[in-house]
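Next up: the structures, one after another.
Here chain A shows up in two complexes: once beside chain B, once beside chain C.
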Partner chain A sequence: MSASGYYELYRRSTVGATLVDALDTLISDGRIEASLAMRVLDTFDRVVAETLKDKTQSKLTFKGHLDTYRFCDDVWTFIIKDCNVKLDQTEDIQGNTVVVDKLRIVACNSKKTGE
Partner chain B sequence: MSNQEGARAYETIVESVVNEVREDFESAGIDEQTLQDLKLVWQTKLSESRVAKFMWDPEDEGSLSAPLNNSNIAPSLLDSQGLTIPALSSGEDKSQQSQHQPQQQQPLMTQSKHEEQPKQEIELSMEDPDGEIAEQLKLQAKQAKKSALLDTDEINSDLDDSEDDYLNSSGEEEGQDENIVLCLYEKVLRVKNKWKCNLKDGLATINHKDYAFQRAQGETEW
Partner chain C sequence: MLHLSRLTSIFVGDPAQNRSVLVVIKKLMSNAAQVFFRLNSGDGGSTPTTWKNPLETFVLLVSQPDVYSSASDDLFTHMLAQGVPYDDLIHFISSSDTLNILLLLFSEVIIEDLLKYQTSKLGASNLHNVVRETLYISSMSIINFNLQKLVAAFQSRTNTGPNVAENIFRCVNIWINYAIMVRTRSQGQIDLSETFENLIQLLCLYDSDQGFPYSETVVSILAEIFANDPTMLSFELRASIEEIFLGVRRGSGGTSGGHTWMLHFMNHLVVNQSFEELKELALCVVDFLQVSNLDVCNKLFTQSANTDSVNMDQYIKVLLQMTNFTLAPVLEEFFSVRMVDFWLDLCDGYNNLVRETLKPNTPIIASDLFGQVVQIYLPKVSLINKQRIIQEGEEESLLHEFDDFRGAVLDLMESMWSVLGNEKLTDILIGSVAQVSPKSAEDLFQIEAMCFCLNKLLSDMTLSESPGICATFGANENFLPNVLLLIQTSCQQKSPANGKEAQILSCDFVKTGSSILATVADYLKQNDKNLRDCMDVLFSSLETCSNADQVDTKFELLLTKCITSICETSRSELTSYLPTFTKIQHAMLQKSSKVSDFSKQGFTRCLGYIIQTYTSDGPESQAQYILQVIDTIKTEVTNSQEDRTQVLCLLNCLSELGSALIQPEEPEDPAYLAQLAQFQDFWQNDPLRLRVVILDLLESVLAQHGRDSEFVEAACLIMGKKLTLPDDEPHFLSFSMQELMEFLLRRCATCEPLTGLPYIIYLLEKVVNHHRASLTPQDFDFMLTKFFLGQHRDAVASDPDLTQNMISFVNSVMDTRPGLAVHCDHWATFVLPEFMRYLSSKERFTISAVTKFWTKVINNKKYSRHDEITIREQVLALGPQLTLQTTGALLSSQRSDLSYYSDLLRVLIARYPLQSKQWLSHTLPQLCENHRAHQLLVEKLFVTRGSRAAADAVLEWWLSCNGLPRLT
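Our next item is the complex of A and B:
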């Protein structure tokens, strides 16, 4: 967890990795300092956590064969093989099922977020 | 599976982060243009990742590949693009795009780049009412600069290290090809070989598309 009390885990997502990339471009162009980039990432950690908590409604369900499980440093990691994934936007708009060979889940403890 | 909510969540995140770091930029003495450039590069990279359809995506689907082709972008990004829209890589499309760009605009824009920085912003917005060409040119210039820097091995920022940590934190990872869910857990239960978990606040990349969810529930057998 970062100093601000939010998990850094979402930096691995597409929206996080592209931000890291964009910040890196500005740093290598000499337009911002690395310390400012770090502050941006801290803000990102908080904004993502708040956005997911307050602005999403979808529900995801999955079923499959649990290939690997790991619990380390309060983080669960699951690797699920032949996994059926379904996303329901709302009760009315139900999604169809997608099958993936392999799904990795990385989950931090919800009881420790900066609330 | 529709990922509209994921796209809206990403748009909210970009907008909120940019607005909330404005003060940090100001106190660090960095001008608004740099912040806007950060937003633009971020949005462009998200568009290039093709994990969702964003409101800032260019109307003309093909115009994305123009900056892509002559730049030094992470191979993973190119991979995902090649996999999702293979048709774009044909030579015919490329030549079409270069013709799309108005011939007179190009020299005009390049000229303005040589002038003083403050002027540049004004001129670009006047000559290009909808901003699309300006954005593209700025991006191209930036990516050219970036690749030049990459060649000379000048990148040694703290940010690089932290990025490496995320990407290399586990040897089993498969980069952009991976189906991954990043979230929080509420409960993980096991009875014999049956596992159930309740998750929340997640971002997921599944088959190169990104989704956001409030809750998730999984049932698996070990």
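Our next item is the complex of A and C:
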């Protein structure tokens, strides 16, 4: 969890990694200080968490064999084998199912202070 | 603080006149809070602070206005350390509403700032201790006194000052947030029990004159707590809330009158149509119930719990009543919507209980309870409720919410099936659908709701292996006609003339009807009459579609999808329909037909399924049908040369036909197996010359559209259809290696490289993979020359996607038969030097592909002994350059690309440990001067095993050399 009370895990998403790359460039070019980059990322952590909570409606369902599960340091990890992931898009009646050999779900408690 | 007290005195003098001063007061309070935090942060330090309670200082300063005028340091210091007895504090806030509000505001501002402050500072635990010992006590005194005053004012029917209640609740909220934060940070507990008791008292205040002045506010406060940290409330408090919400205590016997308030409050919200508030209440109640779900489950179903069964029955009865709220879900009430989660958890909890712990009568209790839940939810998911939402003109999000609710109920049904089984759920639903004699729209809504749930249950079963369910279908003759009626009625209703409401609902009807037909396809194939009835209705419904509007198109897609499923399942049972299907397909493919492209392709696939099983008359007869389809396509292509969309659709139809003719599983039919050799021989020789016809057709189309990538894609799909199948499987698209290569070379010569070449490379990859055993390194050289180093060399080199395609092509060979690549002429002259250069690419796709390539070069289990010797020599020779190129690229790459290089370095070190240490030690100093970081990297890489640890070592080095912070 970051200093702002939000998880940092979305920094590893594509959009987060791209933001970090951009901040690296700005720091290298001497256009911003590292401390500002940190603040930007703190804000990113918060905004992603809030946006995902408040502004997303899409759902996906999945079905497969639960191979491994663990709960450590308040983080659940599930590994699901032979998994059917169904993206719930009501308009897309042609169906949207993705079949994957292995699906890893990492779930953190969203009900932390600060949110 | 002196300024604050001075401005406070001014503000209190005439609040209305001096409203603008309030902004300054707030800012001064915030500044004071910051000073207070600084003084009390850290471990106490060398100078112990005496300022422990800004609220008390504020009270003292405002109570003694002469202090600020004298501004004596000594006096002020004395005041900072001075406490205020409880009575004086209460006297202070009782003396003026404005002072009361300001003190509440000060408490709120401090805690709000503290919530922000604690996130950015370490060593705040001392501050939290100070707050807990001083500020918390004063604030609770103020808050609780104020809350009790609200109760007293209500009871004596006197007015409280304006804004007082609002300020109290704001202050309460902020303290709750702080208490939650403190709990999660293990910094001691903040007990708010007395405040909660007062809030509960306020929650229940009502009378006919004053209504429910505070209930909604308290409900929203409680809802927040239950959603975030329900255990903040002690067991006793939760028990009293349970009594208020449900009128029953699980833990103790008897009921109480608490529920009366709840009934009145709900009635009040319903009468006033306060649906938002009702929704908030539902959220609050169900979140509350979820807290004790496991406990309810144990008490209800297991022997271990010593519970009063009468009381428990009463408790469940209330929950069922609450679920069965007699309003439209989503639109008017939210209880049933939120209770889905509760019942689902309860059901899952029951399913997870150890069977030995159950009471003797538990299965009966459970099936009775969940049976009731089914009966409650069936009318709730009925589209009649969606109709009401549409009629009310509500926004679209509400419709989506209702659809989500229906989806959630399906999950619940699925879970309840584990308790109720086929006997008490599936069979009952099938029987209930059949029992309805549809006379009105309501009957159809009822049928739809049951079919909707049934579809979910049946889709998890394999009907061909469930004779019991098929027998139930058989015994309920009206089931199928009623389902078909859903489709027929919706087709009559879908016209735009019937309005938007009818269109939306008919879409749902046809979706449910067609889905369940597709799900029960295995049952349908067992009875010729059923199959015929279904196909008749489906075809006649399809005839009503003309792609007139979006709804019409959706209908057509749904019906085609259903027909495709049934044909796939009942292919052999439908062979007698072959002539009819061929005629329909012929008509559909006509240019004048209004059928959508998706349906044309879907229907051709259906026809293909049936042709695939039509083997009884030998390969010649089967081939004749295939020929008929191909002829139709060919004729239509000729007739529609200028119509790009139609021609493309026709090629896709051909591709669908090819897919449908692939056997779904190992053939078991003895009659077919007896003829297998005949079929193989037939398609090997292809006496009807279908392959020639298809090749000619493709060539003629591509002569016109060869630069259009969609045509190249479709043609490549057709040509490569057989490449994933075993060689001996009979199929009309069995092109030889030579035919395929010639086709690919012709496409390569005429295609638009940026868009068309990827499809060609993809097919080439499949060809190489399929025929790898017969290929030689010279063949591979030829392919590289023709497809990548010939006319498209510049495009491949300049376009990252094409570069990636080329590298991936080589990678696929490295995966299947690396010797082909390793021993070809281009390996040393083009592949190694060029791919070495690509390591410094800035494009992620290229980096990803090329680091994979080098990883496969260094470590490849498919190498023969000969390959291994060649590669070892080459890597040893290229090692220093490869290391320099990799580390150089790594240093200048973006942070997000580091992992690609670190994987490569890891493999290099694992495979060539002695040499790579030298290479790295020699190379790293050439990149930048950071001896310590270089040394650490080498040390770490040589002792790490996992890729994560290696990636971390690389990141440390990269950060140190680039002078960047960690950030992630």
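Here, the second predicted complex is superposed on the first by the 107 of 115 C-alpha atoms of A that agree within 3 Å, B and C clash if a C-alpha of one lies under 4 Å from a C-alpha of the other, contacts with A are read in each partner's own complex, and residues count from 1 in each chain.
Everything below uses one rule, namely that a residue touches a chain if its C-beta (ideal position, glycine included) is under 8 Å from a C-beta of that chain, and two chains touch if they have at least 3 such contacts.
None of the values given here were measured: they were computed from a predicted structure.
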Task: Applying the touch criterion given at the start, work out whether A:20 contacts chain B, chain C, both or neither, answering first, second, both or neither.
output: both
Message: Output check: A:85 vs chain B and chain C. Expected answer is one of first, second, both, neither. What do you get?
response: first
Message: So in the superposed three-chain picture, is A:53 touching just chain B, just chain C, both, or none of them (first/second/both/neither)?
response: first
- request: Name the chain, either chain B or chain C, that contacts more residues of chain A.
  value: B
Task: Return the residues of chain A at which the contacts from chain B and from chain C coincide.
output: 8, 11-12, 17-18, 20-21, 23-24, 27-28, 34, 37-38, 41, 57, 59, 93, 113
- line: As the complex stands, chain B meets chain A at residues 1-5, 8-10, 12-14, 16-17, 20-21, 24-25, 28, 30, 34, 37-38, 41-42, 45-46, 49, 51, 74, 142, 145-146, 149-150, 154-155, 157-160, 162-163, 166-167, 172-173, 178-186, 188, 195, 197, 199-207, 210-222
Task: Provide the residue numbers of chain A that touch chain B in the complex, in ascending order.
output: 7-15, 17-29, 31-41, 43-44, 47-53, 55-66, 69, 71, 76, 78-80, 83, 85-87, 89, 93, 95-96, 98, 100, 102-110, 113
Message: Considering only the defined contacts, which chain C positions touch chain A in the complex?
response: 115, 119-120, 177, 180-181, 184-185, 227-229, 397, 400, 403-404, 407, 511, 554, 557-558, 561, 598, 894-896, 962-965, 967-968
Statement: Touching chain C in the complex, chain A uses residues 3-5, 8, 11-12, 16-18, 20-21, 23-24, 27-28, 34, 37-38, 41, 57, 59, 88, 90, 93-94, 111-114
